[in-house]
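Below is one structure; the comments refer to it alone.
Should a chain be cited, it is by its letter among A, B, C, D and E, assigned in written order, with residues numbered from 1 in that chain.
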Amino acid sequence: MENFLHHWGLSLAVFLPLVGAAVMMVIPRAQEELHKWIALLTTLVVFGVTILVACYFDYDNSGSLQFVVNHNWIDVINSRYIVGIDGISLPLLLLTALIVPTVVIYSWNHWPDPKNPKAFLILTLVLETGMIGTFVAQDLILFFVFFEIVLLPMYFMIGVWGGEQRLYAAIKFFLFTLFGSALMIVSFLALFFLAKDPAGNPLHTFSMIDLANAQGIAHSTQLIVFGGMFIGFGIKVPIFPFHTWLPDAHTQAPTQGSVILAAVLLKLGTYGFIRVAIPILPDAAHTWAPWIALLAVIGIIYGALCCLAQTDMKRLIAFSSVAHMGFVMLGIATLTSFGLNAAVMGMVAHGLITGMLFYLAGSVKERFHTLEIKRLGGLLLQAPRMGWILGFCAMASLGLPGLAGFWGEFPALLASYSPAVGLSQPVFRVYMVVGALGTVFAAGYLLWLLQRTAFGVPQDEWEGEHFHDVEWPEWLAWTPLLALIVVIGFYPNFIFHVTDSAVQSALHGVQTLAIAK
Amino acid sequence: MLTVLGFTAPHVDYHALAPEIIITVTLIAVLLVDLVSERNRALLGTIAGIGLLAAVVPVLTLAVDGTDRFVLAGNPGYVVDNFALTMKALFLVAGYVVVLLSTNYVAEGDYYEGEYYFLLLTSVLGMVVMASSRDLITIFIALETLSIPAYMLATWRKRDPKSNEAGLKYYLMGVFATAIMLYGMSLIFGVTGSTLLTDIHASLGSGTTPIVTLGIVFCVVGFAFKVSAVPFHTWAPDTYEGAPTPITAFLSVSSKTGGFVAILSLIFVGFAGQHDVWEPMMWALAVLTMTVGNLVALRQTNVVRLFAYSSIAQAGYILAPLAVAGDLKTAQDALSAVVVYLIIYAAMNLGAFAIIIAVARKTRSAELDSFNGLFEYAPGLTVVMTVFLFALAGIPPLAGWFAKFEIFRATASAGTGAGYVLAVFVAINSVIALFYYSRIAQAMWMQPASDGDHTPIRVPPALVGALAICVIAVVAVGVYPQLVARVGEMAQFALR
Amino acid sequence: MLLNEFLLLGAALFAIGVYGVLARRNGVMVLMSIELILNAVNINLVAFGALHHTVVGQIFALFVITIAAAEVGVGLAIVLMLYRNRASIDLDEVDAMRG
Amino acid sequence: MVFAETMVAQHVAFGFIAAGVIIGALRVVTTNNVVHAALWLVVVLASVGASFLLLGAEFVGITQILVYIGAIVVLFLFGIMLTRAPIGHTVNLTSKNWPVGVVVALAIAGVLGYTLIDAFGTDHIGNDTRQLTAQVSDTLFQNYLIPFEVISVLLLAALVGAIVLARKE
Amino acid sequence: MILQWVWLMPAIMALSFVAILAFGKRMPKKGSEIGIAAVGLCFVFALLSAGSWIHHVNEANGSTGGTAATATASNNTSATPEGAQPAEAEQAVQPVLTEKTWFESGGVKYTVGTMVDGLSVMMFLVVTIISLLVHIYSTDYVGGDRRYTHYFAFLSLFTASMLMLVMSRNTVQFITSWELVGLCSFALIGHWWEEKPNSDAALKAFITNRVGDVGLLVGMITLFWAAGSFDILKINELANNGGIDHTLLLVAACCLTAAVMSKSGQFVLHTWLPDAMAGPTPVSALIHAATMVVAGIYMVARLYSVFFHGLSIGDGNPNLLAIIGAVTVIGGAGLAFVQADIKKVLAYSTVSQLGYMVMALGVGAWTAALFHLFTHAFFKAGLFLGSGSVAHSVHSFDMKDDMGGLKKHMPKTFWTFVICTVALIGIPPLAGFWSKDEILAGGHQLGTHNFYETFMVVGIIGALMTAAYMTRCVYLTFFGEPRGAAADPHHPPHESGPRIVVPLYILSGLAIVAGLANFPWGPDSINTRFEHYVQPVGDYFPTLSAIVFNPIVAVISTLVGLLGIAVAYAYWFRGAFHGATQRSKVAHAGYVVLANKFYFDHLYTDVIAGGTKGPIAKASYWFNQNVIDGVVNAAGVGSREVANFLYGTVDQHVVDGVVNGSGFGAEETGQLLRRIQSGKVQQYGALLFGGAVILAGILVFTL
């Protein structure tokens, strides 16, 4: 069993959803119940597999890759099918495997128009393959492929099941990401050709493990190569000023799409920084870091201010993602293990919390058929449980200690007080203060949202209408997320314990650099 | 060995020539059957298809054999090497798919069927010959053999003024380009005194003189027309739009590939020493072609016309690696990149045209609107078309990504600034391209059917076959690119 | 004889042919102009053949002549068909498809 | 002096030929009478054929006369008649875009001229340029067998296709 | 040892929170019984821990006996002549520590743990007593409320968080609890969220506190990197022995001061506190008078080494804390004059009293500040609960329109209210006198030759104003003619029930006796016991000079208090200072003092009192509402405006515009390029030939 798991566990997690999707493809569209069950079963099995993987994960060696499978793939370009996980991947893997079943459960009775559960669920499963694949891939080309696989299903989710402006939003999402990844692949290729082993022979490899020990790329070249990755990953994150696709995509996407987008897709970018950009190009990362951090804090403030200007609940939540991912990027830009830990924590926390917020927005929309904040109000009277959950999530999102969100923000700020050796302390301390100011705005927009939606009395237009409170699929889908927000909030060690030594290895290059200097 | 009156008949390697012979036999058979049998029209396409597949057999045996051969003993003007075999196989299979695409189209329209297949096979013959040609005259003849039937096929819908116009434009532009090319060839011949590419290479050495430069540019322009590189692309949209759709598919895939084969033979065998000339030329052509193709495609409303511009842009990508293919190492990378791209491109584009044909059978239109709401009533076709579209856009895990990747790799492998800039151009262009590909996807998935007509589309078996070949190739290669990567790596010229 | 006498003659013929191809409205006359160009090529080929004392130039020229015949045949067929459909062979009018 | 006389004769002959080619070609592309154009084309083709003879390429020269004047020009005349092109000066046969043609043609002439002079400025063709027709055929069937065979298929295709296209329904 | 088990208190309260949420609605008393039981348990626990701590201190002081009395007897404190020396014979008493690793990140252990010393124990007592009384009081006060259960749940959560706050071992834990009490404050202020002003107030409270929290976060982060640890003890030790650079200490102290300003309602971040009165009155008593708002004071006290050295408090120069405190004392008191809402008077009074504490900490009078915190908790809670009792009866908080003459209807409430008022004013021997006087004495003693003397003057002025506005408050509420609701014949005001009155009794009782905890005279067993047990002694606490009771200051402050009462009495009870015949004896005495001592009745009434009441108070209120609050609101509105601009213009047009513009540009270029595709084959030909010749030309001429 254990042996099997070590060889097949990750591949199973990656490809089982595709098997499910293939099965569903041959089943006629009319059999909706069957489709739902197959999708649920598949995602649950995948979740089970990842849980097993997590159980057999060697936590004492979370800094090194485990469950590694290394198999021929494209010999011609020396790209291999290498999958494996370490402490950075594991939390994100579990997050993904958890979110997708909740999406399926939530979908049980929430079908965005034009319905068609078959297509919708197949896309969800394909999406899962892409997301899980990205988190386990240890070869740049494999990583790239999975990174891109995610695009198509999401494009269709937004484009087919989205709101009024769905065409615009879908294509914008697609174009932005593709633009970034096109530059990213050029950077990967540059690495392939430029990286040399310590003896000075060209490596000609795409293996992240080998590349992390590579050298021989001139600093100026590194900067450009890193720049390509920066745009590629930065768009996905999204870092200001590449963020404009996000509000549109989120606003227009169906609830499930928004949830997946917020909970997992945005993490692909930040994960890329931690997994690819920093270990392989520590030197360039070091030079870039102050600028990344600058954009990150701009994002924090800018995202928060844009939130304040929103009249649409979902759009507001979308902009809050920009701000939150700013904290994650700030953590990453410090290039310290503190910061990276905070970043991974921030990714997980943001995934859970913002995912929940989008679920709530979806359920509000489903009941009220609008997300316009000024038409809402008094949710606590109309659907008190939902109102409470909204309040809870708002608190979690604004970084209340004791809930998951805090452990992404506070350590990130903590880390930016004392960034990696060689980075300007005064600059980062200014960033820290500005970032801390961002928490005020976060409180501002989230409570303001809460006040205008949950508090007060309902608008007259809802007079006499009855709204059902949280229903069983919603409970089923939300409970794990809510529980995790609390559990991680109280015991962040669940994440930090896993990530700590992994980020140390990720920062190996940066540390060597510091010693050299 | 036959010797009459001091003439010694050359020794012919019939095994090496077998594909050409089989095609010739088939095309004559088609013509004869057409004469004999008035009723059994369906037989014609079948014969043509079988002939093309039969011709693949010797290609395979030759590949298994693996030795590079001269078809005429001691004459390096007609060579069967790995490159030639790869391209022949591609031409034959692509030709077979075009036959599948044509079956219902030709049978249901008002066409001369026998002659249609006859001309199609002749054109394929020209391509197959082109793959082996390492001699200016043979290249010229091969080019004409693949072109002249194509001119006529383009205008095959005789009573349709659009088809006439398509054929006329294609013909005139083709002849103009041929004329330029011939002038260039005459200059090269004048400088070197030989038409054999190996001799030309030896004679030219390295470096260049104005006359050589002029000759090379004019030679390449003739084929740049064929691959519809900007600014020699102008015929393509009009011709594609007006020609019968299977022929459009044929032009956009086979004919274009033929042009590339010629360019590759010329620059890698004949003008290998003159990369100072063709590298910048290819660079400029590549950038112009992909950019103009993509930008103009943005504004198209006719799907076929859109695909015309798309295929122009695709040609730009294929040209890109040639811009840095100067030295031996990068030349190999570039060559395999181009070969891989051509193979994958063939599958993607033929597949897309198969869908266009299938949809147009019902909607009688190739306007973008006619694809609206396709997902509602033809989900299968929609999904498959989506596969092709995003493969063309280069989204993993559909084959197109690997094709683009190979282009990136080849352009980056030179390690020069020009190469990286070109790679970035390709990157940006592939984003622009996504915009119009996704417009089709949008129409299919996200728009309601224009006329509210939701009767399902019946897809004839031949089209299903064509689609199956293409979609399997696209997905399989996308997931396991080693399949074509290996082929691309092997497909090198014997003579250099 | 100077080689360039022939080559420049060829070049002149080529240029004139190009002018004809671009400036003549009548389809048949465009075809004629094409023949001028091809003849220019042939002059080159034969002259170079003479220069190098090889028959390859002539052979090339023969192929060009043959192909020229085939092309003219096909071209006239197309022009004829065009005429059937629109009662005109004015190339300026053939612009139904553009953009 | 035989040598010199030959030289002079060749030059005189070339002068006539060149004049015929250039004047004929210019008339072909400028005359407003289609039939005249075809006839001027004959002049050009004949002059070119003569130049082949001058260069010692008898077979090509003869072929030129036979194929071009005997076949192609006749084809043109048929084409002219079938398309009922106006015989007299009734229509301006030059399109409005002729200046473009002039510019492009001059550019081509300039580039070609410069390059040719640069490359072959003083090269002489030997006086004895004659080549045996047998040599032509030997080389053709030894080295160019494949294009020769292929062109037969091509001619068949051109024939069949042209018939289909030109045929009245 | 029981002090290692103090974490049980927050744990019990947290469990109570969960239990109330889970089962509360199904319980007979809707969950309130769970809360009361839990907090009662905690109260007992707090008492036990207090005893345990006293024992601990005594043991540490090397006594022979184990009892408090003997231990105290063996100890000499300020009463003895040797006590004049600052470095006293007090033995270092280490706090009782526990610690568990919470998580580890980047090589640093984050721990949770408890740190119990006199300060914590004192806070345990305050929190649990007030919380218990408020719980009991609330069963009546909010009885029948639709969110009764939630209310108690949040009271539990609050108590848990507050207890956690005061036993925090390290700064992370401290921040966590700090935010959690803020959350509870938010939830309870906004308890009646159906009305917008309430939720507005809740938001304002939370967001204003968030502003201060920026300082908290930055300050704590600075301290972490300066000390290499989150451990409060370690930070204090290092700050104390010079292990931390002074600049860093200064920065940290200034940042943390911002947190104090927001949490403890100091000028200029105080505006949320009066608004927070929108919450239920018991909540105001618990959170916004007795406990949460003193968290800022507690933090300063807890990290006193940082503040002491960072702000150079020992040097006698004006410093941030003292100045802010002083401004707040006067400002808060001034504002209290012009409120019509009884709770607002009390709120501004709280602001002012918190100012005293901050000021005291700012001049180095640590014990005085904490002692005032201790006593203030009781009488201010008593006042709030009293005002709640009144409001419960008249259903209004408006003194001017709905009260008056309630004395006869609600005698119990009246008397307890008066006792607490007198305690607040600082008339001996009530609690407020001892603590306030110690602050003034501190200012005097520590400032003999420096600036701190000024703060004593400020304190005295504040005392005068306190006396005046409280007298006004009492007058308007309980005396005079009934007005509005108080005069409603159908619903005559009535005395509240026992669950309301009993807590009032207890609190007024405490208001009377609490001051004796630091009784400055007498045998060791009663002499300055508060200081002895609460003020830490050890490496982690700076050496402070003990404040000695100063009789002159005490007399002056008492007189000033009386004067204030007198003036106010004269002004409000009598309308003016004319015709002294019918005045009460107290007022008469005051009047005589005034008249004989200063001889400018008019000047005083018109300029000082009238001025205070009139233009100055009005002006300061105007300033408060329009400038300070205006700035706060403007910050809100401004950021909304900036946000709208940023979103509407920059984001949607510039940032997004670049993207959409490039798309548009691409399409337009495409459109232009389409013109090349003219459809005319000869133009295509020209392009073909032209392109070829240009390409050839370029290459020919450049290569």
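The rule is simple: contacts are C-beta pairs under 8 Å (C-beta built on N, C-alpha and C of every residue); 3 or more make two chains touch, one makes a residue touch a chain.
Computed from a predicted model, the values in this text were never measured in an experiment.
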{"item": "Shortest walk length in steps over touching chains, chain A through to chain C", "value": "2"}
{"item": "Co-neighbours of chain E and chain D - touch as defined", "value": "B, C"}
{"item": "Lowest number of touching-chain links that must be crossed from chain B to chain D", "value": "1"}
{"item": "Chain separated most widely from chain E, comparing mean CA positions", "value": "D"}
{"item": "Maximum inter-chain contact count - chain pair", "value": "C-D"}
{"item": "Innermost chain, taking as reference the mean of every protein Cα atom displayed", "value": "A"}
{"item": "Distance from the mean Cα position of chain E to that of chain A, given in whole angstrom", "value": "40"}
{"item": "For chain C paired with chain D, centre-to-centre distance based on mean C-alpha positions, whole Å", "value": "8"}
{"item": "Chain B and chain E: spacing of chain centres that average the CA atoms, whole Å", "value": "80"}
{"item": "Cα-centroid distance, chain A relative to chain D, in whole angstrom", "value": "71"}
{"item": "Multi-chain contact sites of chain D, meaning residues that touch two or more partners", "value": "95, 97, 100-101, 104, 108, 111-112, 114-116, 120, 143-144, 147, 151, 154, 158, 161-162, 165"}
{"item": "Shared-contact residues (touching 2 or more other chains) in chain E", "value": "663, 674, 677, 679-683, 685-686, 689-690, 696, 700"}
{"item": "Interface hub residues of chain B, defined as touching at least two other chains", "value": "137, 140-141, 144, 148, 152, 155, 158-159, 168-169, 172, 176, 190, 210, 213-214, 237-238, 299, 435"}
{"item": "Set of all touching chain pairs, with the criterion as stated earlier", "value": "A-B, A-E, B-C, B-D, B-E, C-D, C-E, D-E"}
{"item": "Of all residues in chain B, those that touch chain D in their complex", "value": "6-10, 12, 17, 20, 24, 27, 31, 71-72, 75, 77-78, 112, 115, 118-119, 122, 125-126, 129, 135, 137-138, 140-142, 144-145, 148-149, 152-153, 155, 158-159, 190-191, 209-211, 213-214"}
{"item": "Chain D - residues contacting chain C, complex", "value": "7, 10-11, 14, 17-18, 21-22, 25-26, 28-29, 34, 37-38, 41, 44-45, 48, 51-52, 54-57, 59-60, 63-64, 67-68, 71-72, 75-76, 78-80, 82-85, 92-98, 100-102, 104-106, 108-109, 112-113, 116-117, 120-127, 129, 131, 135-136, 139-140, 143-144, 147, 151, 154-155, 158-159, 161-163, 165-166, 168"}
{"item": "Residues of chain B touching chain A in the complex", "value": "336, 375, 379, 386, 390, 393, 395-397, 401-402, 404-406, 408-409, 412-413, 415, 420, 423-424, 426-428, 430-431, 434-435, 438, 441-442, 445-446, 480-482, 485-486, 488-489"}
{"item": "Contact set on chain E toward chain B in their complex", "value": "663, 666-667, 669-671, 673-674, 676-677, 679, 681, 683-685, 687-692, 695-696, 699-701, 703"}
{"item": "Chain D partner contacts - residues on chain C that touch it in the complex", "value": "1-9, 11-29, 31-33, 35-36, 39, 42-43, 46-47, 49-51, 53, 55-59, 61-63, 65-74, 76-81, 83-84, 89, 91-92"}
